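Since the structure comes first, as structure tokens, the remarks are kept for the end.
Per-chain residue numbering starts at 1, and chain names A, B, C, D, E and F are given in the order in which the chains are listed.
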Amino acid sequence: MSRLIEYKDMSSRAKAVVEGIAKARGIDPANINNVWKALARHPAVMEQFAAEMKTAFAPGKLDPLTKEMIYLAVSITNQCEYCIASHGAMAKAKGMTEEMHEEFMAVVLAAQKGNKITMAYRVPVDKAFEES
Amino acid sequence: MSRLIEYKDMSSRAKAVVEGIAKARGIDPANINNVWKALARHPAVMEQFAAEMKTAFAPGKLDPLTKEMIYLAVSITNQCEYCIASHGAMAKAKGMTEEMHEEFMAVVLAAQKGNKITMAYRVPVDKAFEES
Amino acid sequence: MSRLIEYKDMSSRAKAVVEGIAKARGIDPANINNVWKALARHPAVMEQFAAEMKTAFAPGKLDPLTKEMIYLAVSITNQCEYCIASHGAMAKAKGMTEEMHEEFMAVVLAAQKGNKITMAYRVPVDKAFEES
Amino acid sequence: MSRLIEYKDMSSRAKAVVEGIAKARGIDPANINNVWKALARHPAVMEQFAAEMKTAFAPGKLDPLTKEMIYLAVSITNQCEYCIASHGAMAKAKGMTEEMHEEFMAVVLAAQKGNKITMAYRVPVDKAFEES
Amino acid sequence: MSRLIEYKDMSSRAKAVVEGIAKARGIDPANINNVWKALARHPAVMEQFAAEMKTAFAPGKLDPLTKEMIYLAVSITNQCEYCIASHGAMAKAKGMTEEMHEEFMAVVLAAQKGNKITMAYRVPVDKAFEES
Amino acid sequence: MSRLIEYKDMSSRAKAVVEGIAKARGIDPANINNVWKALARHPAVMEQFAAEMKTAFAPGKLDPLTKEMIYLAVSITNQCEYCIASHGAMAKAKGMTEEMHEEFMAVVLAAQKGNKITMAYRVPVDKAFEES
């Protein structure tokens, strides 16, 4: 498996990133998710991804659950098991009910098919969409 | 380019599908999108995709704009130009402002990176996510 | 667009590859497909791909049309427009009727969906499949 | 791992889907594959996928083994482990010999390379393929 | 086509990003590449991507050409035409000869095949690689 | 798991391939990597991939570490766990330090984002890149 670095063994740069995330989530830094334990090897990459995630999930016009579902839709399409497991859990924690999950899956699967259909039949973009 | 079949030249099965979509959208069947003009070659595939899209976008727990953004997130990840153009236009028509679009892109791009990070570092799924 | 090298302007190594393909297909080397005009820049890559294609499509247990459909299924999944156009045309030339094309598309699209479903729901492989 | 629902614990809608598949395959519903045990959470998605698979694999112009190989080619391209394991086993059950498997792999791998070559060299589609 | 915003019409935030890039490259801001004209719609996304690119291509242990080839390898794998065209040109500008390009392609194509082979045959990771 | 064939149980064609690789690497054929134990089922595919890998990694204008990083960049993009583990280990063995690894990851991740950005915003290729 991947080399995971526990919080207590991280460099000070990596610790600072983990502390920022832990504080925002109200958790103990020792319980940080594995992705951060892996990224601790590369503090510069870690800092940039943490900043990017913070910006992406900052309060704004889209509500937190919608953002989680967008993230999850990307992760299913890219077939990333870790991201499906983690952001699936987060979507539930942010209010995705089983009924909403099923609707979500229906859209995600229709999109996969729609994407391949337009490629397979080499469908040209409609003028109306070009102008919008 | 792909062989597109205009509404007037479609088989009766294909015409029926187009009429159903046109009625639901309040448009003239002759102005149906290119994807349906392409699919008219294969009525069985066309009928199934039309039924699937209708179900996916039927009123439910998720609002229409959220569904469009989920569809668009999949299409960007799959790099489908037609789908990005068409569902991008539909998302705008359903209320996606420029500000929401920017937030949407921030989440989509963070997810792309998160997906590749967890693969590149071979991050094992956290126990907490397995149990949820 | 890509830099295409016409047959008359190719290096002798590239010409030899084109002549082999043209002879096998009973066409004039000047009418070789664009992919070979592009690959002529890199004769070693070109020779290896030509050898690989020759082996893949050599007479064997699978008939020529089945092989074309397998190639086309991969190309649709990878969303390669050139390959969809060229191998779609070749599949027709080798006997794929409109009815077979529609059946082919139904299988290809069901597979896309099945692939994403098993990832999204994180379905473990059945014991029965492990043992086969 | 994913939450799998055993047949005896499924909703009546999910049970009906499983019974249909089990009857068609001549197996005990309790021995249904994991993908259906996972999909039982979302009966509407399950029903649609079951119907789609039934249509895709219904008797037609393409023989059952050809269809399995097309499905398998998509699954390898999408890198779906569950689908490679399950449809690989089914292809063997439907008559794919080791020799046919090797020929199949040669075509699948040649296609992967051909797809990337045409993108990397930005090869424009030949006029002859546009007209077909 | 995409909505491109010329430098003179950009917001001050977007102009600042373009000016930074133009200065570093020694070009006129009006001649900035299309990707920045497109991103000017979304200044926050633009700023983050510009910062990320600057960090990625900052002088370090890997030489500039190696970095361009890594970027190009990703772009070919993702089948991104714009990125193949732009980073292909930049790789040449930074010293990639035709001979190096051919070697590069040979590695990229071998990797595509190796990736699919290990998935198709479901090859388990060797113990020796787990420990490294 | 996949059916692996140990060296002692391989056909003579497969043994010859393994012996060639083992000799070049100065290892015992019995310790060959799993990918070759899996490919031994299909000697023709195995021979072609071995020849392709040998050509791709033959001494040339690009140094061995650069080639490993190009291979690794493709493998991360394709999300191939086996290839990430094996070629990650090989890159380290050929001199990739932790610092170089971090720089490498920064470029790979910037490329993933750049690829999706140009698709999402449908950025047309600049004239300057067409002409190069």
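Following the convention adopted for this analysis, a contact is a pair of C-beta atoms (placed from the backbone, for glycine too) under 8 Å apart; a residue touches a chain by one contact, two chains touch by 3 or more.
Keep in mind that what you see is a predicted model, and the values were worked out from it rather than measured.
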Contacts common to subunit B and subunit F (chain labels): A, C, D, E
Interface numbering overlap (same over half, different under half) for subunit B and subunit D: same
When subunit D is superposed on subunit F by its C-alpha atoms, the rotation angle in degrees, nearest 5: 120
Centre distance in Å when subunit C and subunit D are each reduced to the mean of their C-alpha atoms: 20
Centre-of-Cα separation between subunit E and subunit D, whole angstrom: 35
Cα-centroid distance, subunit C relative to subunit F, in whole angstrom: 22
Centre-to-centre distance between subunit E and subunit C (centres being mean Cα positions), rounded to whole Å: 28
Junction residues of subunit A - those touching two or more other chains: 1, 41, 44-45, 48-49, 52, 55, 76-81, 85, 105-106, 108-109, 112-113, 115-117, 119, 122, 130
Subunit A - residues contacting subunit B, complex: 1-2, 4, 33-35, 37-39, 41, 45, 49, 52-53, 55-57, 60-62, 66-67, 69-71, 73-78, 80-83, 85-89, 92-93, 97, 99-100, 103-104, 106-119, 121-126, 128-130, 132
Touch list for subunit E against partner subunit B, complex: 41-42, 44-45, 48-49, 78-80
Touching residues (chain side subunit E, partner subunit A) in the complex: 1, 44, 48, 51-52, 55, 130
Complex contacts: residues of subunit A adjacent to subunit D: 79, 98, 101-102, 105-106, 109
Interface residues, subunit C side, partner subunit A - complex: 76-77, 79, 81, 84-85, 105, 108-109, 112-113, 115-117, 119-120, 122
